[in-house]
Amino acid sequence: MLNSTTKLSYLQAIVEAHREEMRRDETVILMGEDIAVYGAQSLFDEFDEGRLRNCPLSELGFTGVGVGAALTGLRPIVDLTIASFLYLASDQIINQAAKLRFMTGGQLKVPLVVRASTFYNNRTAAQHADRPYPLMMNVPGLKILAPSCASDAKGLLKSAVRDDDPVLFFEDITLWGKKEEVPVDEDHLVPIGKADVKRAGTDVTIVAFAGSVPPALAAAELLAKDGIEAEVVDLRTLLPMDKETILGSVAKTGRLVIVDNSHRVGSVASEIAAVVADEGFESLRKPIRRVTAPAVHVPYNQALERSLFPDKNKVAAAVRTLL
Amino acid sequence: MLNSTTKLSYLQAIVEAHREEMRRDETVILMGEDIAVYGAQSLFDEFDEGRLRNCPLSELGFTGVGVGAALTGLRPIVDLTIASFLYLASDQIINQAAKLRFMTGGQLKVPLVVRASTFYNNRTAAQHADRPYPLMMNVPGLKILAPSCASDAKGLLKSAVRDDDPVLFFEDITLWGKKEEVPVDEDHLVPIGKADVKRAGTDVTIVAFAGSVPPALAAAELLAKDGIEAEVVDLRTLLPMDKETILGSVAKTGRLVIVDNSHRVGSVASEIAAVVADEGFESLRKPIRRVTAPAVHVPYNQALERSLFPDKNKVAAAVRTLL
Amino acid sequence: MPLDRAAGLEGYSRMLRIRKFEEAIIAHHPVGHLSIGHEGAIVGACMALRDDDYVTGTHRSHGHPIGKGADLRPLMAEIFGKRTGICKGLGGSMHLTDTSLGLIGESAIVGGGIPLATGAGLSIQVRRTDQVSLCFFGDGAANEGTFHESLNMAAVWKLPVIYFCENNGYAVTTSVEKSHGQPDVARRADGYGMPGIIVDGQDIEAVHAATAEAVARARAGKGPTLIEAKTYRFDEHSNRLAIPIKYREEEEVAHWRAARDPITLYRDVLAARGLRAELDAVEAAVAKMVEEAVQFAKDSPEPEMQDLIDSMFSNPVHFPADAGIA
Amino acid sequence: MPLDRAAGLEGYSRMLRIRKFEEAIIAHHPVGHLSIGHEGAIVGACMALRDDDYVTGTHRSHGHPIGKGADLRPLMAEIFGKRTGICKGLGGSMHLTDTSLGLIGESAIVGGGIPLATGAGLSIQVRRTDQVSLCFFGDGAANEGTFHESLNMAAVWKLPVIYFCENNGYAVTTSVEKSHGQPDVARRADGYGMPGIIVDGQDIEAVHAATAEAVARARAGKGPTLIEAKTYRFDEHSNRLAIPIKYREEEEVAHWRAARDPITLYRDVLAARGLRAELDAVEAAVAKMVEEAVQFAKDSPEPEMQDLIDSMFSNPVHFPADAGIA
């Protein structure tokens, strides 16, 4: 039983994590707009509306309500649905959730999870398609998760709910439907702050996360055909970053390519590159390449939109420039 | 006359830029809370309240009002006063100002300037002391300025007002009172996107901006006593960055230290490091060091607060690790 | 008071253009949020405006430019994501913004357009023109902070803005009853010292009359008005979003479609005014317009990376060189 | 109805503690935003609460914990930035938050505390306790989107929250007349289907009565109330901010100080009730409390980096190792 698994999609795994944690702890609640539309409808069969709050269109307000509830005995999960709406709520996340414990000299704790889905490659255009992880990385006091597969999504979300600090949980809609075997163990947790080597290799390190992991792995297969063995590190937690795993891999390969679906300038990839250019410089044999979305907005036209994001060919090409 | 100058503080220079641009172009207006308190009181003698709008406490709203006015024939300067309030307005800046031209296929232009003062080292604690430049660097469509001296502040702000794209203008209150000779020429403009070598040197490149320039220059003087000649590059524009000047300097020195008052993780310094670790790797002889504020919030206690920020000794020490 | 003959027929034509344009979308390129059911509210409001008045809209963006009288071809081409689209295929279904008719942005960030319309009002006041600015938004948007902040500013500054709420009773699956402390958005106006008016959104002439009065107030420098048009969304929230739950009764939908359709209701009014022949002519003309629009969209080329690049900045600096475009 | 003898004297004592605490700040460590003038509003509201009821406050944060009955020593130590401060010297003047009395945050982001208080109300409702949550905010804060979004949610969900506006007529230099569409914050309540009450903030017993009624409603599950206390700031906005312009008349300030001081007004009331001796005793006791608080603050050590590190995370991961602390 403990080691048995069940096939779930990424989104189903997220819903299961809700179900298990809400069963385990009655202080866990879910808040958001039209939560039933975003996968949670099955939860209504089991939990009452008191713990499943459909909110008015008030992102800043209900995120702050989640913070206030977290300060007073609940463990809220606030679903902002589409990550492009995160900006509206950012003040409560940055100035309140991330700072209240500090500003009160440790008197308070903020066990809050904020979910947001990066809604790109979906023909919804510039106001829906942002991947704003980097905007939050500069904020002390937050933890930021961005899983690439169903079991990590489930295990990380459960860890987030049990964590006493505010956690941002980025879902990737390009992965929502992706199915895999997921542990059924209700205490299957994925630790916050640990990367996962999704593929071992010796010639180059490819660091990726969330929706950039599939193209990274596909590129590794392409390269393997030419005898190039890429190690693919799935970051999983963006903040705090697992520097040890990244630096360890680069120490072995001497080459680093970072794949990130966010805009190039000020990206997650930039932070990883900065860390390695300082602490891993001695092991670097080649420049650090970032394969990212360019610093332009996301267009409605589907072909143009697709052309902006990293794919296996772009990743493989970047690797080849280092050989 | 054209080459004559007058002694002004950094804040006075900013007010003069307003005065000159409001005289030159009657579509330029200033909006914000208690604008008289933030240096603009002398403008009331010359311009009517129609163009000097004291706004209600509605940061998201009046920033969006500025965007709407910019779309319809005005060139608004929106003063958010303290940069820690930027998060409240971020949705209108990111989802509207930065995207509207793109989303309309170029039909619209957004000649908007948003001012925000980084209010640190001032005993106002965590909810007032943020330096959130990096949070905006990931946003395509924006230009971000952060001057370090009165003449750059005046010249850059005037360029910003004349620019047809949205521009974020970060003022640094640790510099507000700093006086220097400033050109009186009403067409004295500092170009957006150009860094300035504030001190020439051959042994190490120190990149800094805004309030991190004084410690960088002071460190250079310290180092000079030991015969180490540091080149200090004042970035001035954070987005788009003047890569050419940075890479050119590193090509000469082979060593790079970046000084940034923002939090370490996902900082402006990280982006610079990433660019150089890719495009300037061949000229790098040593690791890239970032001297930043640590990834913790800003405390009220003055001694603790001061200890967080880069100073000449920390910068000099970082340089020495590269020799 | 009723619209005169010509205006009445034009109003009927614009309502029908919205309906047929969106039926064509369903048939040829099913994307986005439809305004079917809202035509009376949208066109009634737009008919009270001049071409040089400003309008902001929402994710439900098709009706607003059509109501303002826009050419259907670039709008349909935009739906198809084509280069000849009103936004070069970069904006898409939620952003049909035709600036030649004063539209300054259809915001897919709910509530995001409210400050923009307010800013247009400020611009009008500072530039001392006699334009007005009209802001379309939904019942759900009325719960966003931007609604509160914007209406208050417009009231303090007496800006020439008409806040026009298309209250269709729902925000996706969430009813007004479950998301508003009390159900009338217009009742919030008093808190800002602003008049708030409720009007039947299915009656184009009632909407036009209420809006015309608010426009007159605004042009006279008397400040903003909040108008709430009670209307209904005949189709699902978006034909790209699967709705797994039942949130409104079939009978309710059926009733509105059968008895409260703004187009059939107004057709009867105009027919009773003896305009049968003219109505037939309008219907033929609209059918042709929509057909041409679809053909135009189909025949149009896709946008290219250069179009995207050209749309990013008015004054590019180190761009596109440093953007990392492959 | 009047406060009984003990409660009246306690109310007088708390008002006086605020006044003397802040006079000591002016004398010894001039930082921050003073509540002098607001004592009647603050204490009248707090006296209607239990120790386990929640309170959120503002940048003008000294009065709220004192009104709730907090020990003055850790508060004064916080003003001095000392390690023994209620927030270890990390929060400071704008954030005197004593969680032992239900305070969950004094927000220096104007309007930022309104959702927090609302969330405490949600928590109470979900956990099914009979606590209430009281939210202090200013007239300026009432123009923030958080005010609108929070009050609407509290009304829809019938949360046990009391929204208490300290309307002192100004936000820094901006008067209510120049920043609100109409001057009464309480009039906005109707838009959310919530009762809105205006009370004289200089009359502690009137404030207490109004708040007690709202608290009773909230405990009974009848939902939130908006209370607007008309009050006045006797000193400048902040004694750290230079105000270069004249935004209120000296006569106005003089009138409030002379005729509308909540402490002298209430002293007269209690004196008339024959409590002169008790009042003298209270005054002596308060003077001593404040003296001890100042001494405690002066004698206390500075916080260290370790205190800062310990306050960052409840569950640190790779911290402080990766934070870049020199």
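Lettered A, B, C and D in written order, each chain numbered from 1.
In this section, a contact is a pair of C-beta atoms (placed from the backbone, for glycine too) under 8 Å apart; a residue touches a chain by one contact, two chains touch by 3 or more.
It should be emphasised that the depicted structure is a prediction, and the values quoted were computed from it without experimental measurement.
Colleague: Centre-to-centre on C-alpha atoms, which chain is most distant from chain B?
Modeller: When every chain centre is compared against chain B, the largest gap points to C.
Colleague: State the pair with the higher C-beta contact count; candidates are A-C and A-D.
Modeller: So, comparing the two chain pairs, more contacts are at A-D.
Colleague: Let me have the rounded angstrom distance from the C-alpha centre of chain C over to the C-alpha centre of chain D, please.
Modeller: Those two chain centres are 44 Å apart.
Colleague: Just the number, please: Cα centre separation of chain A and chain C in whole Å.
Modeller: Going by mean C-alpha positions, chain A sits 36 Å from chain C.
Colleague: Calculate how many whole Å lie between the centre of chain B and the centre of chain C, each centre taken as the average of the chain's C-alpha atoms.
Modeller: 39
Colleague: For chain D, jot down the residues that touch at least 2 other chains.
Modeller: Where chain D meets two or more other chains at a single residue, that happens at 87, 89-91, 95, 107, 109, 112, 143-146, 148-149, 152, 156, 178-180, 308, 312, 322-323.
Colleague: Out of chain A, which residues touch more than one other chain, so two or more?
Modeller: 55-56, 58, 60-61, 84-85, 88, 91, 95, 102-103, 125-127, 140-141, 241, 265, 290, 295-297, 299
Colleague: Help me check something: in the complex, which residues belonging to chain C touch chain A?
Modeller: 31, 78, 81-82, 87, 89-95, 107-112, 140-141, 143-145, 171-174, 178-180, 241-245, 302-305, 308-309, 312, 320, 322-326
Colleague: Give every residue of chain A touching chain C within the complex, in rising order.
Modeller: The contact residues of chain A facing chain C are 33-34, 36-37, 41, 44, 54-61, 84-85, 88, 123-128, 264-265, 290, 292, 294-297, 299-304, 307, 314.
Colleague: Okay, in this complex, where on chain D does chain C touch?
Modeller: Touching chain C from chain D are residues 143-149, 151-152, 155-156, 178-182, 187-194.
Colleague: Can you check the complex and tell me which residues of chain B touch chain A?
Modeller: On the chain B side, the touching residues are 60, 84-85, 87-88, 90-91, 94-95, 98-99, 102-103, 125-127, 130, 132, 134-141, 239-241, 262-263, 265-271, 273-279, 281-282, 284, 286-290, 295-297, 299.
Colleague: Considering the complex alone, what residue numbers of chain C touch chain B?
Modeller: Checking each residue of chain C against chain B gives 54, 56, 85-91, 95, 97, 99, 104-105, 107, 109, 112, 114-127, 133, 145-146, 148-150, 152-153, 156-157, 307-308, 310-315, 317-319, 322-323.
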